[in-house]
Amino acid sequence: MTRRHVMEFERPLVELEAKLGELRQLDLTANPELAAEVAALAVEIEALRESTYADLSAWDRVQISRHPDRPKAQDYLAAIFTDVVELHGDRCYGDDEAIVAALATIDGRRVAVLGHRKGKNTRENIARNFGMAHPEGFRKAMRIMRLAEKFGLPLVTLIDTPGAFPGIEAEERGQAWAIAESLALLSGLRVPVVAVGIGEGGSGGALAIGFGDRLIMLENSYYSVISPEACASILHKDAGKAAEVATCLAMTATDLVGLGIVDEIIPEPVGGAHRDPGEVFGAVRGRVSEALKALSGRDPDELVSMRYAKLRAVGVIEEVQG
Amino acid sequence: MSISDWFKAREARRYTAVNGERVAGDVPDGVWNKCSSCKRIVYEGQLVANLRVCPYCGNHFDLTAFERIDLLADPGSFAEFDAGVGSTDPLGFVAAKPYTVSLESARERSGLTEGVVVGRATIGDHPVVLGAMDFRFIGASMGSAVGEKIARSFEVATSERRAVVLCTASGGARMQEGMLSLMQMAKTSAAARRLAEARLPYISVLTNPTMGGVTASFAVLADVVLAEPGALIGFAGPRVIEQTIKQHLPKGFQSSEYLLEHGMVDEVVVRGQLTARVTTLLGYLAGGGEQA
Amino acid sequence: MTRRHVMEFERPLVELEAKLGELRQLDLTANPELAAEVAALAVEIEALRESTYADLSAWDRVQISRHPDRPKAQDYLAAIFTDVVELHGDRCYGDDEAIVAALATIDGRRVAVLGHRKGKNTRENIARNFGMAHPEGFRKAMRIMRLAEKFGLPLVTLIDTPGAFPGIEAEERGQAWAIAESLALLSGLRVPVVAVGIGEGGSGGALAIGFGDRLIMLENSYYSVISPEACASILHKDAGKAAEVATCLAMTATDLVGLGIVDEIIPEPVGGAHRDPGEVFGAVRGRVSEALKALSGRDPDELVSMRYAKLRAVGVIEEVQG
Amino acid sequence: MSISDWFKAREARRYTAVNGERVAGDVPDGVWNKCSSCKRIVYEGQLVANLRVCPYCGNHFDLTAFERIDLLADPGSFAEFDAGVGSTDPLGFVAAKPYTVSLESARERSGLTEGVVVGRATIGDHPVVLGAMDFRFIGASMGSAVGEKIARSFEVATSERRAVVLCTASGGARMQEGMLSLMQMAKTSAAARRLAEARLPYISVLTNPTMGGVTASFAVLADVVLAEPGALIGFAGPRVIEQTIKQHLPKGFQSSEYLLEHGMVDEVVVRGQLTARVTTLLGYLAGGGEQA
């Protein structure tokens, strides 16, 4: 796969790689000096590659999480699930393509799957609104949650959205209401729920289907109360300070394990999941299966109590005065 | 959400209310106010007598949490709990200014520890847990402490079999607490659900403004959702929407009346009738109907 | 109240009444012959009145049920209920004014009320779509049904609609789905349900909120699978045969008591409910209160079983062959 | 009636489908059909081999109830019940022609007693109650007998813990039975609800056409609602809507694909994949998941 999309932080590396590529087109046998130079460049590139990806900042990871070639929910559905039956519609207004809902099988276990769904090209992205759901998307998700509960199917959710869509129609049809109802429903769902952050975790639109008995995140996915750009433009009046703000917001998988919100991190190939999707699919399949196995057979009351206790524990407070 | 915009703008103007400008004057009352809607001068005494509703145009000025509680609770019945619960600065958040400074100045200015006040009370003799958010406190944004107090409110009500009445006003999630703040949406919604499963009533009163993560969680999960006239209520802020869709918003967009028309709230209630309305509703929902 | 709307079958009577009215303007003392004629006319009118209203056909009753002055759901809410709090919206798309939903008190008993709501003038009728609900109306009704069930409030429904609205948007937003879900919900609602036919009972749109543990009908209300006009134009290709078809369809209160569908009939003043609304309000209040009292305190399981048995018994079949 | 009987019954008639005109010819098969959609001639043999889907344009010709059952049920697994349940003429309904005459000629023409055939079967080894409506029988309209057979289907499934699979096709309520017919909507919906409360799966397959009181009751109360391509599905008939709103309807209005787009059906499934799809779905819903 040729990389079409270059992220800011890897640009120096990519430029050098391009130069090396050009040099390698030349006939170096006639020019041993140049050949030595090329060899040196290759070494230099290796070192740069290592340092580039060794210590990614929050903002770097945000770039990776948004990489157009990053595997999407539908890729996971195709790669790690079998017997996938996509279900459509909220039975009320429409079928929001920004949310995918399916019955599917993972490692022999039947589950329901919900995910945010981005497109892979402009046409798809327009149809799917860049993965930003309208209320009918969350209502479709709720319908499938209820279906899963009714038939005792564990729920797997795949989180990958910049956020719920901020638009006139979305507000008119009750964006806030749909998200709130989804949160309440998911919090009390009487089947195991495993949520996996696979890309962007943008605010309430992510959270609506984005928590459960286990919250797993890919190494370069993010989960945040607000996008770093929006936060920077509010607090600094300067969206350019997004990189700085991204660190402040503690939105990486590692940050969130530290805050007790995320349970585990799935490492990605060097450079991000798009560099070797197959490896990532394998890892996600394994972790999700393990999580489902661990949750299997639990009494639903116990499951719901544990989930509540988990949610209930999130937050840092103090008693300021008597 | 532009929580701190609201907040800063207000700080710069020395207002008590976003929609009512209070100005020192030499009238007997000592102060007079300029209505943000009709721009008329309203004397403080007039305003207090009229529940802080503009006598000229009906504009509902913001209330503080305790003004709201005073309005709703039976006299002398309110007993606050968790008054000392406050947010800390778990992320060491600094942007423009440190979060600790924002917290400190909000506490100083409001006399509150956090953006919501909760307690036990009676309303028309019905035992309730009553809460009111105070927009002066960092836009009553929901961080760990606000989320905790709301969750405890539902829990106290569930275990003591009380109804819950919450008056909301909020810019949304408190971004200075990052994901800890976002997760309060799930936490408060989960607590509201447990109250609902116990078949106890929950009435919410959406006041100006109720936005973002508060609207998209506990605020709208009530059995009956009331709203004050002219309140701004929604998920995304108007500016964010305009920037996203690159067009101007229709007049009245995200107002209480607009949401009523779109099926999202049960009733828009003027402040003068709010307490009576909540009391009547509690009569229906907390009255112990047929066994189901 | 002056009658502005004259129904077909009472036209001869109304014309005579008008003539009598004119005659009575004259000074009859100077003309004893004329006075005698007037007295005779008055007697004739009384006889005609009696025969006109004595044996109303189904089609006559349909006319009465649609009379613009006939008391509407909102009139009943105002007249026989106290502490009325109207609730709005489906929390999904809109607030359909063609359905009224409220918490209210009747004879000291707290209940939830649902009704079809027609307007009393053109402006109101446009806003309320002539009492023809869209899906959001039925979804609002369902929301209030669930609220009633949650808090143990008996449900009183007031039936008065030509039918669910047949329009593009109504179909798009799932008119059939909304009605079906309402039927299923109402059938299993764990509180007493008393339904009262106060005017038109048009097809699925009426039925969506129009059955329960007791089904009471005003004498001149109708309840039908299809409007007689539509039925006539389908079967006879002639809407003018509506009167004939109305009889065939067995849609009057009396017919429906005979079929075991309707439990009781509330008599109306001669000429229809609009001739003396006060009397009708009193009767409806009394019957609804009695029905609620009779159903009060029942175990919800028993209530739902009885309601199911009642529905289950409706229909006439035979075993044609082995 | 056995499955082989329906073959015979079918041969006795000249038309099997509303949307495919069958014409006697001297071709080897004996009959050929004209596709109502693309107007091409399709030989009977071709059509049968292709599950009565036009090989040229994909138009799904109507199926009779037993053809539908044959398509879905595991071979030899279908055992009809209530085959003799039929409507009578409780209202003595006469308009244009007496209802008794309509009933009689429908019975003669279709070989069926009523507009729906129901029975026990297995689909992919899952025990189900399987039903299929037959549009030839007074438009498979729902009167007392259709309502009764549908209600019994849900009841049998509930008591024997079977799934329910229903293939619908209907013009709506059977107006010749007046309110007895309308009430079947409530009756069948109530029965469907009881199945749902028992957490047993219900899959419906909406085929052309499914309208009125059938759509607005049991047909859409399924856990998963499938539809055949190009089927007309809705509440009000297109002509009624056009007369009401006095404008023409958009192309594709009330089609399966249109309803999918509007969130009302789960999937549009071509006939060749229907059985596999239903089997897969039963695997999920009747497979006995985690205890909830």
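In this document, chain identifiers A, B, C and D correspond to the written order of the chains, with residue numbering beginning at 1 in each.
In the analysis below, contacts are C-beta pairs under 8 Å (C-beta built on N, C-alpha and C of every residue); 3 or more make two chains touch, one makes a residue touch a chain.
Bear in mind that the values here come from a model prediction, so they are computed numbers and not experimental data.
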Common touching chains of chain C and chain B: A
Chain pair with the higher count of C-beta pairs in contact (A-D, C-D): C-D
Chain C and chain D: spacing of chain centres that average the CA atoms, whole Å: 33
Inter-centroid spacing, chain C versus chain A (mean Cα positions, whole Å): 55
Inter-centroid spacing, chain D versus chain B (mean Cα positions, whole Å): 53
Gap in Å, rounded to a whole number, between the CA centres of chain D and chain A: 43
Multi-chain contact residues (two or more partners), chain C: 91-93, 173-174, 177, 181
For chain B, residues contacting two or more additional chains: 196, 262-264
Chain-level touch network, classified as line, ring, star, complete or other: other
All chain pairs that touch each other: A-B, A-C, A-D, B-C, C-D
Partner chain D, residues of chain A touching it in the complex: 83, 85-96, 103, 110, 136, 140, 147, 149-154, 190-192, 296-297, 299-300
Contact set on chain C toward chain A in their complex: 91-93, 135, 139, 173-174, 177, 181
In the complex with chain A, residue positions of chain D that touch it: 196, 199, 201, 220, 223-224, 260-267, 277, 280-281, 283-285, 287-292
Footprint of chain B on chain A - complex, ascending: 164-168, 170-177, 179-181, 183-188, 203-204, 207, 211, 223-226, 230-232, 234-236, 241, 244-245, 248-251, 255-256, 259, 261, 307-308, 311-312, 314-322
Touching residues on chain D, where the partner in the complex is chain C: 83-88, 90-91, 93-96, 107, 113, 143-145, 147-148, 151, 173, 175, 177-187, 189-194, 196-197, 212-213, 215-221, 233-237, 240-241, 244-245, 249-250, 253-254, 262-264
